[in-house]
Amino acid sequence: MTTPYIRTSRPADALRPVRITPGFLPHADGSCLIEAGNTKVICTATIDEHLPPFLRGKDQGWVTAEYGMLPASTAGRMRREAAAGKQSGRTQEIQRLIGRSLRAVVDLSKLGERQILIDCDVIQADGGTRTASITGAFVALHMAVSKLLAAGMLIHNPIREAVAAVSAGVVGGVPLLDLDYPEDSGCDSDVNIVMTASGNIIEIQGTAEGAPFSRAELNALIELGHKGVAELVQHQQQALEAY
Amino acid sequence: MTTPYIRTSRPADALRPVRITPGFLPHADGSCLIEAGNTKVICTATIDEHLPPFLRGKDQGWVTAEYGMLPASTAGRMRREAAAGKQSGRTQEIQRLIGRSLRAVVDLSKLGERQILIDCDVIQADGGTRTASITGAFVALHMAVSKLLAAGMLIHNPIREAVAAVSAGVVGGVPLLDLDYPEDSGCDSDVNIVMTASGNIIEIQGTAEGAPFSRAELNALIELGHKGVAELVQHQQQALEAY
Amino acid sequence: MTTPYIRTSRPADALRPVRITPGFLPHADGSCLIEAGNTKVICTATIDEHLPPFLRGKDQGWVTAEYGMLPASTAGRMRREAAAGKQSGRTQEIQRLIGRSLRAVVDLSKLGERQILIDCDVIQADGGTRTASITGAFVALHMAVSKLLAAGMLIHNPIREAVAAVSAGVVGGVPLLDLDYPEDSGCDSDVNIVMTASGNIIEIQGTAEGAPFSRAELNALIELGHKGVAELVQHQQQALEAY
Amino acid sequence: MTTPYIRTSRPADALRPVRITPGFLPHADGSCLIEAGNTKVICTATIDEHLPPFLRGKDQGWVTAEYGMLPASTAGRMRREAAAGKQSGRTQEIQRLIGRSLRAVVDLSKLGERQILIDCDVIQADGGTRTASITGAFVALHMAVSKLLAAGMLIHNPIREAVAAVSAGVVGGVPLLDLDYPEDSGCDSDVNIVMTASGNIIEIQGTAEGAPFSRAELNALIELGHKGVAELVQHQQQALEAY
Amino acid sequence: MTTPYIRTSRPADALRPVRITPGFLPHADGSCLIEAGNTKVICTATIDEHLPPFLRGKDQGWVTAEYGMLPASTAGRMRREAAAGKQSGRTQEIQRLIGRSLRAVVDLSKLGERQILIDCDVIQADGGTRTASITGAFVALHMAVSKLLAAGMLIHNPIREAVAAVSAGVVGGVPLLDLDYPEDSGCDSDVNIVMTASGNIIEIQGTAEGAPFSRAELNALIELGHKGVAELVQHQQQALEAY
Amino acid sequence: MTTPYIRTSRPADALRPVRITPGFLPHADGSCLIEAGNTKVICTATIDEHLPPFLRGKDQGWVTAEYGMLPASTAGRMRREAAAGKQSGRTQEIQRLIGRSLRAVVDLSKLGERQILIDCDVIQADGGTRTASITGAFVALHMAVSKLLAAGMLIHNPIREAVAAVSAGVVGGVPLLDLDYPEDSGCDSDVNIVMTASGNIIEIQGTAEGAPFSRAELNALIELGHKGVAELVQHQQQALEAY
């Protein structure tokens, strides 16, 4: 792209419309549907009182995540991973990221010898599925932890603070917050930022899709991400309070 | 169960509340969300202009289906099949059944050398997921075929008539239509019936879960199924007309 | 087929010649070779004193089955499933059916905490391999149970009654018992019936291969199946008595 | 074993009773049941007019083999490889050996651009299944080639001479021909010998199961093998002539 | 860690000793052994004149990478991935990163319709294996491209500039360049930086292993990484000139 | 080949230059790099104090081996087995051979309830990788056992004597010791010989690659192998003494 990209749908530093519907799947211990524009992800948290063997006896718990996409969630149907017989490298990368991001805000030693299993299933994909998954997964995790606290199975809240995530990228030379799929496909560079409510970084992944980018560009993107995460944390709080 | 089971929520021969939302996933060529009580399935149809090699050159098309469940769709989270690396025998059985049921109402020779891929993904499970999948899949298939007809890619409609499916079972000695999960778990026998709008049988699968059952019982269950399918076909028509 | 099909080899309601050779594989705890016309299946039962973990501690036993076909059992060699690295959906469907059918006539609470593993391996295939497998598997199971009773490892016989299975189908408009492969390939509809010696239904699977079928046709096929199973049960008894 | 082993059933240099039943599986292009004592193997040959891609265009054919065992062929049921999802190292080793042994007596340039697929399925195992497989596989291969010659699809016979195989081993210090399972389990060393009708070696695999063995012992075992193969070649000829 | 960490072996902003041995594996089209302290990786590049089907006909080439570790490369032997039957999520993540990093400095439209396959195999692991792999892989890639240029198979050099990678992390509150394994295990945060010779960013991956980190810390780590990459690019040039 | 092959690089009965570098991988309990001409293999031994379940409680230990090749170790890059998702039949055959060969010189009852895991990874391949692996693996095994003895974890040395392996083959009618890859590809027959220091046979595998071979040829090859192993055992001793 040689001419600057003008985003007409919303300002360059604006999030897409966000909607978080808590309690979306009643069988789970925590759940929500998170919508970020046309991206829709079901996030659930399941409490499992049995740690896998390699984690037992360390006087701490665990949080782990799995990620998937419905075959028809994307334009041009994806192959079903269960039928293919394995999860793609991309899927594994994303679910590892979700798990790490959540564990960074949980004091595992306060969780007891149990694990919380997060599932993020993309119903509809329009860019930013991994960041929406993290933002929604935190809501599901929070609900599951609240359930444990309410039942007296936990005394102290193991969650230190909220975590949310968003993308930012340079498209046609312009730094933009929260890329949708067409923007993401045409961007020069792309950063996924996972941050805490207090504004610290948990994970940052920046990739030059086209030309390598300067540190100045990186800083502009981080600045946008910081703003976006702050707004997402408010959406999380409202959803949790409303539930 | 030695005392007769009394279903209090609805009459013995009544379906659970049915709701079909067509166009649920915009990326697919046909789609709906079907809700039968607390069972919720997303059904999509994707047109694929490339037949797999073993079906080419026969001057006909193909309809095939895949089925999956979100891990948190059930009470007590299921293992994710993509992570396990294979689809269970149950999953394969169900997706083969869905494909056969749809092909039975399609004149494949009128479909052209293309295939229609059906995906049925269970979001929430409360019994009867395979029959709801068939009923919803027909709606998605119909929408995809209508799209081909509207685009002039098909001249003659290959769909002969509608197909829908429902379960019936004997619980505590009482024949009941459309079992929910607790009824299904405690039933003596269980029949899944796939029927056409004109009342003919496409597939019938009856299983003695407890004691073997008599032909009289089988006939009572088929009678219930017949009634249920007739109602489901009306729901399908209303959904398709409303879209 | 528009002209009625005339079966010349035997009457429409006749089984193919049946031969059951008990004790066919001496290493197994029970075994037979069952021949139904040109269909030949080796069925064995192996007693395993160790239940799999998820079945332990429930004060009951288990019966399960596996099914396979020699690659050269069919015209036009099949791919070897062990080389392909997985069992097909059809194979899994059949072995699940065999297991369910046998468990329906066994009081698992009288079997002790052990399992009986059934293997059905098709040596030559000419239609009806799954029903012949069930009929032969019951003979092998009975022999294994008799061995446990003779050894004093069981006090009460856990087998309630015999089970056998047969197919029936409408070919060229004519209902026929026990289809061979050419009849099965050309049939309009096809029912597999698993019944007890006392004439009750354990499992019924009816499929419209061509046009959907009416309830009258279904009844005619069940009638034929009932007659066939009654004869097969006599063959089972003779084989067990002769051994 | 410190005391010499005395084989009472037959002389030290005698084969077990051999029986070869040609034409055992009618769907295959060549087949036999080979029995060597209590070891029983079904061997088939299937003509495939389509070479795999990596063998095409070289103006020659191919012969390849697969091997399997019925789960109940052994004392103490083996796990089914199709259910386990892979063939064991032992299975692969054996089927590679069978393929190499047959290719060594076939002029592949005279076979045309086609392959012959050999299947060896062990019905009952009592030692020597791989050598019986080779001996029987040659009979099946010969029948398939004769079919091609009779049909005018081959002009020149690509088979140079017969091949057969047998084991020999030192048990309790005594060299024995054609070990059965108990002898094989208790032997000091074990040689599998694949030889041509003209007495040349195609493959020899000698393994010290207990103590390493001297070259004198190896020579004694090869001598026995030579005698055994000569007799097996006669059994092959008789079977092929009788068919 | 509450007390500041003092690195005694080298300054906080110093790389470990680097040694690049070009031409290490003579069968490959480009290769080197790269040693960064006790981390040792064999990197090779293989020219493949056949693009995979999905990349053909786009008038451009491709660069892709695979990564592996010898089981004994780590303290406490790792499981062999070939024996486990799959590559771990970590392995896939790393090999995807290596491929993306190299493609970012290659003009694929100048590479012709061929691919260059990179293999990075870790012989000995002491932290930083993914960054050493990228740095070494560029050397192997450069050698393979030079071979194509020398042979006249390429007219224009598709490589735009060099790429190298290094880690930096905060340990005990102190920002350090190029972490070894003990430092990496105990660090608070960890950044992997992939940069061009001209100092632009291709990929940045920052992870809070302990506490979330501030933007100031991130900037300090990027500064260190910038310095490290500049030195690594010199090592690459010397190795390529010496060859 | 119709004219006799003249090996010009070294005498017909000479080994390629051998170099064994003990202690090559410091993380392992025993390790070496073995070079036989241009064939280079890293061999390691890892002590594992936990026997797999099926070997426990027998009052003995175990030695087992895994084998792999770097993709770029061969001319014309091999597919990576970890990416392919399984080990080839050839790989499994070789690693089973290495394990058997080592166990034949170890008194497992003197090893305690532990296992020693051998890894042989081919860095560069020019024929004879399996025999070089065995020769090098013995060095690694010896080092691991010495470590156990030095630590007082073993009282009696479980190693009875050294084992080494080499190939010999008939090329152009001439028997040659220690074939390199071009000789191996063009040979008439090929024998791999695994022998003890005392000159007894542990394993012999002879294969007619072209024409079947006579017993006289086999004897000539064994004679060469005997000479080669005796020299290799000296190289092993020197390497172990030098360490």
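Read from first to last, the chains carry the letters A, B, C, D, E and F; within each, the first residue is number 1.
One rule holds in what follows: a residue touches a chain if its C-beta (ideal position, glycine included) is under 8 Å from a C-beta of that chain, and two chains touch if they have at least 3 such contacts.
The shown structure was predicted, so the numbers you read here are calculated from the model rather than taken from an experiment.
Residue-number overlap of contact pairs with A-E passes half for only one option from C-D, E-F or B-C: B-C.
A turn of 120° superposes the CA atoms of chain D on those of chain E, with the angle given to the nearest 5. Rounded to a whole number, the gap between the C-alpha centres of chain D and chain F is 28 angstrom.
Centre-to-centre, using mean CA coordinates, chain A is 33 Å away from chain B. We define each chain's centre as the mean of its Cα atoms; on that basis chain C and chain F are separated by 51 Å. Within chain F, residues 85-86 each touch two or more of the remaining chains.
Taking chain A first and chain B second, the full cyclic order of the chains is A, B, C, D, F, E.
Across the complex, chain B is touched by residues 86, 89-90, 92-93, 95-96, 100, 104, 189, 195-196, 198, 200-208, 211-215, 218, 222 of chain C.
Partner chain D is touched in their complex by these residues of chain C: 25-28, 31, 38, 42, 44, 46, 48, 66, 68, 70-77, 80-87, 91, 117, 119, 121, 123-124.
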